[in-house]
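Dumping the structure here so I can ask a few things about it.
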Amino acid sequence: MHNRIEKKFKELKDNNQKALITFLTAGDPDIDTSYDVVEQMINNGIDILEIGIPFSDPLAEGPTIEKASYRALASHTTTDDVFSLVKRIRENYDLPIILMLYVNLIYKYGIENFMKKCSEVGVDGLIVPDLPFEEVEEVKELAHDVNLLIINLVAPTTKSVRLKKIINKSEGFIYCVSSLGVTGERKNITTNLSDFYDRLRTETDLPLALGFGLSNKEQIDRLKGNWDGYIVGSAIVNIIALYGKEAPTHVGNFIKSLKD
Amino acid sequence: MDKRFGEFGGQYVPETLMEALIEIEEAFNKYSRDSIFVKELAELFDTVANRPSKLYYASEMTKDLGGAKIYLKREDLNHTGSHKINNVLGQMLLAKKMGKKKIICETGAGQHGVATATIAALFKMECHVFMGKEDVERQALNVFRMELLGAKVTSVDSGTGTLKDAVNEAFRQWTREIEDTYYLMGSVVGPHPYPIMVREFQKIIGEEVRAQIEKIEGRLPDAIVACVGGGSNAIGIFHDFVDDKKIRLIGIEAAGDGIDTEFHAATISKGSTGIFHGMKSKFLQDEYGKIMPVYSMSAGLDYPGIGPEHAYLSSIGRAEYYPVNDREAVEAFEYLSKMEGIIPAIESAHAIYYTMKLAREMGKDKIIVVNLSGRGDKDVYQVARYKGVDLDAQ
Amino acid sequence: MDKRFGEFGGQYVPETLMEALIEIEEAFNKYSRDSIFVKELAELFDTVANRPSKLYYASEMTKDLGGAKIYLKREDLNHTGSHKINNVLGQMLLAKKMGKKKIICETGAGQHGVATATIAALFKMECHVFMGKEDVERQALNVFRMELLGAKVTSVDSGTGTLKDAVNEAFRQWTREIEDTYYLMGSVVGPHPYPIMVREFQKIIGEEVRAQIEKIEGRLPDAIVACVGGGSNAIGIFHDFVDDKKIRLIGIEAAGDGIDTEFHAATISKGSTGIFHGMKSKFLQDEYGKIMPVYSMSAGLDYPGIGPEHAYLSSIGRAEYYPVNDREAVEAFEYLSKMEGIIPAIESAHAIYYTMKLAREMGKDKIIVVNLSGRGDKDVYQVARYKGVDLDAQ
Amino acid sequence: MHNRIEKKFKELKDNNQKALITFLTAGDPDIDTSYDVVEQMINNGIDILEIGIPFSDPLAEGPTIEKASYRALASHTTTDDVFSLVKRIRENYDLPIILMLYVNLIYKYGIENFMKKCSEVGVDGLIVPDLPFEEVEEVKELAHDVNLLIINLVAPTTKSVRLKKIINKSEGFIYCVSSLGVTGERKNITTNLSDFYDRLRTETDLPLALGFGLSNKEQIDRLKGNWDGYIVGSAIVNIIALYGKEAPTHVGNFIKSLKD
């Protein structure tokens, strides 16, 4: 023990605080801007950083993050560029860093190689949207060798039998999908979230972070009561899409508005 | 049920889809052993699909090439014009038994979309088809056929605007309405149980071939040739013969402008192992695992992956896979039209081209069966354009 | 052989063509009794035409209409997509036996031209198709299919640029090369022996229906419905039942914009006896005998005459003929697509529309068989245009 | 006896002359012009006049006469108009007049009516291209009632058995088709015409007139030796097509050139 993610959640809990986890796609619109965005996020008080590696076919994403992926690929961002970005961040900051990426990027890099590299640059965890619980073992073993956590997702559709199994094998925190569909901002979240929370909480003491569709402070405030953390992605990516290289300060302001 | 063919296969999908896949797998396990389901499906194959499809002796082609005897398995004469209807009938019947009311699917050439829209109309299911923007353009006839049949067709312009992007978008849509919607996959691709399930619904092709060729020739063929997009028509005709080790099983991939260019879709020839669209298989990808844009004039073969069972059959050497390019496919398209009076789908024309070469090399005492997976009406505009004929001006 | 059906029929052609007709008649007399010919044709029906065509119980349509049980005779699933192939196989085999090397024909919807080009390719005959200019435009898909099959297609812009003008031009061309050319007439029209000969090659449809319905229902149908252009698919399904007097035989003509307008092709409803295209029959003509321009959105029904045997069956009251207009045909085209997942030829859609009306009026214990003479892929563009959808913009 | 056609051929034979038979489509471009063309033809020495009644579908004609038919229909020329034209000609001239028309025009007019009308206005014979020998009886009987001849056609393809039958039943003269195909000018006539003539001549003493494709004096001169008459159609119709209402004098000149 202990991984930075686990430590962060413990620390927040001890202070009766919620984790603010924010996402950006690395290389959107270029790697240097991504670094600046990250600094703004950190300086404005985020707790955990989630960095997406761009992929040609991000099929779990809605149009917002999908387009970010295409922009990042257009600026020729590779997995190695993302490792360099993480390395640069890690040289200056100690917050937990999670990579979000599609399984093929790990597989093609060579799973073991990939994990080694993560460990070298200071990655703390991985979120792999197309690697469900049933297929995770092969990757997880090699991740653990280098003290890297694999964050499981659960969805409102996940049934009890599997939910138990998933939760039993979860680590760090559980990424709870707020509603059906792909990533993206949502006006209304129709899932009954307090039922969802209760179902989960009866099964585990692990931190529960809510993601998919969170876009502003009011929404987050409304949900804050229960969850241990909330993940904001598309709302940030939208700002980056709008302002491009000028995005860092705008993202900083947005994060500040969430924290106020 | 085993989820893998050797190392290939699996179930690599977002959590939101997992329970739906499990539900489908359970239903498939149950119904594929249910005698009523089996009987109903056999009846649909007969009355709706127009099965059995004939095994046609291509006497003129055989004579012209001067080598092995060539037989064509006439899936082009099925209702809706391709082998796709077999799988659609199987899955749609399953979806109905499961109580689903909405169907979504992807389509490349539009044949799977047309077949799905057709059976959705017959079964009174809502139907939503995703099709790459580029395919919408090159297969305009099929788009309107689907709409006529009452389906909603969504043109997908993300990514490369072809089949893989249609799959992405259909997956995305599925996650949004997972609870009442059945995703009707069009080939032996995607997460388990699709590759097995689609094979089971397509294996009738090979089973019929066995009975037919035994009856006509009193023996089994020496080689079986089929084009491979995702691989459903190929698996369909191969499956019953996999254990007959002496029979060569040959899959033909689309080489587009040629496998030495960047513009092709020859997954086995030029791809490497990866994980995409829910399965571990062979894919055209770059060194980092980014899926490559692919190209073939044939919308139905324009896909960067291949079904996991093909990856497996290739890896153990049981089946062989060769590339055929656009120019060669067009040549075969015209050849078969003029030689036998049969206009093949441009997809099937890839298999015909290889057969033309193979037949010449094999003795007259040998027999080749080619899967004529579809008819070419949908392709005449595009071939005309390829050849520089402006049809709109006519 | 009797050249007439009552007063109808005969052989009204230029002297230049007479010897050729006699030669054909003699050959037909000889070969239609020749057991080898009969066997070869039966084999071609099986292996090439994809016969027998299924008799399909339209359960959804039957349920929806709430009246008589409806069966569809699936000529749309024949190779090349319509009943036309039956007649083409018969005549082409005859032409081959006669030692002919060149075939000419007319075509309206293009289905006869496609069937002829197809079998000409298979039989290695030179093929020249005449098609009205207007039909070339509305059936562009079929034009390229014919060309692909190696046929020469001549667009005829004389007269009204439709089927009758294509016939005129084909006759003209025939007189120029009468010695080595066989005119392969596409319907039960023209001079003797075509109306009888084409009927004999199409009567397989009705013969199959008899066996099929006896097997399924244990009895004969109460009514048989078919669309009528020249009348070959109708005669084909009627013929075997003409002596079963209790069975209503119903032919459906194209009423275009309506039989009370100038724009229709409803020959029996609105025509009078005349002599044209080699036959005495019913025609749409003015008081002086000038043949009237006709109109139907359906290229295959857009003809001012009708086969002499239909004129006869109508005159003796054995068969009934009713008009169905464009709007109604489009309605049926869409109805069958959405109801059964079958896109019918716009020609066949005329028969479907009448069946929809008839079924509602008949009891649930009654049976109607409709001849689904062809598939509608060729028509989707035109129907889209009719409905105001711009396909090119998609 | 005798019909004007028969008398004319006898008279020509007695003088060792060939019959010049000329054709026009009535009403092309209008009926008055047709009358003037006819006068020019007669004044320049034609022997027999053949008048075509326009038809919607003249399937035995090549493009030249086909188009003449369409032009005549465009000026609304009906069968009755043609009868009036014949009547007007007959009031002034006594040469044989033959109508060329498609059988449906007779049938729809009423065969008996049609013949009566022919007789009233002074028609001497009919050429009906789509009424072959096998179908002619019904029409012929009623024609004979009013002393009207039906002119049979024979073609190079007509075989001996039928040739004999046709010739045995022929009257007036025999219209001998010079070569296969439809009406129209031809550069070359490929039929071996002297063989054709011999085949016919051994069977009959009836006058033999050659038609289809004759377009100029040299061609006619070359053929003159044997045949009893020659029919010039498309060449004249072409002049009418070219000059329209101005055609009469041009046709007159052309006829003169044939006679010189």
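Per-chain numbering from 1; labels A, B, C and D assigned in written order.
The criterion applied here is as follows: a contact is a pair of C-beta atoms (placed from the backbone, for glycine too) under 8 Å apart; a residue touches a chain by one contact, two chains touch by 3 or more.
Every value quoted in this text rests on a predicted model; they were computed, and no experiment measured them.
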The chains touching both subunit B and subunit C are none
Shortest walk length in steps over touching chains, subunit B through to subunit D = 2
Centroid spacing, where centroids are CA-atom means, of subunit A and subunit B in whole angstrom | 37
Distance from the mean Cα position of subunit D to that of subunit A, given in whole angstrom | 96
Geometric centre distance via CA averages, subunit C-subunit A, whole Å | 66
Got the subunit B residues that touch at least 2 other chains?
-> none
Two or more partner chains touched - positions in subunit D = none
Graph class of chain-chain contacts, one of line, ring, star, complete, other | line
Subunit C to subunit D touching residues, read off their complex = 10-16, 18-20, 22, 158-159, 164-165, 167-168, 171-172, 175-179, 272-278, 280, 283, 285, 287-292
Going by the contact rule at the top, pick out the subunit C residues touching subunit B in the complex.
-> 46-48, 50, 54, 56-57, 60, 74, 77, 79, 81, 117-122, 124, 136-137, 140-141, 143-145, 148-150, 333-334, 337-343, 377, 380-381, 383-384, 389, 391-392, 394
Subunit D to subunit C touching residues, read off their complex | 55-63, 66, 70, 73, 78-80, 102-109, 129-135, 152-155, 157-159, 162, 177, 180-182
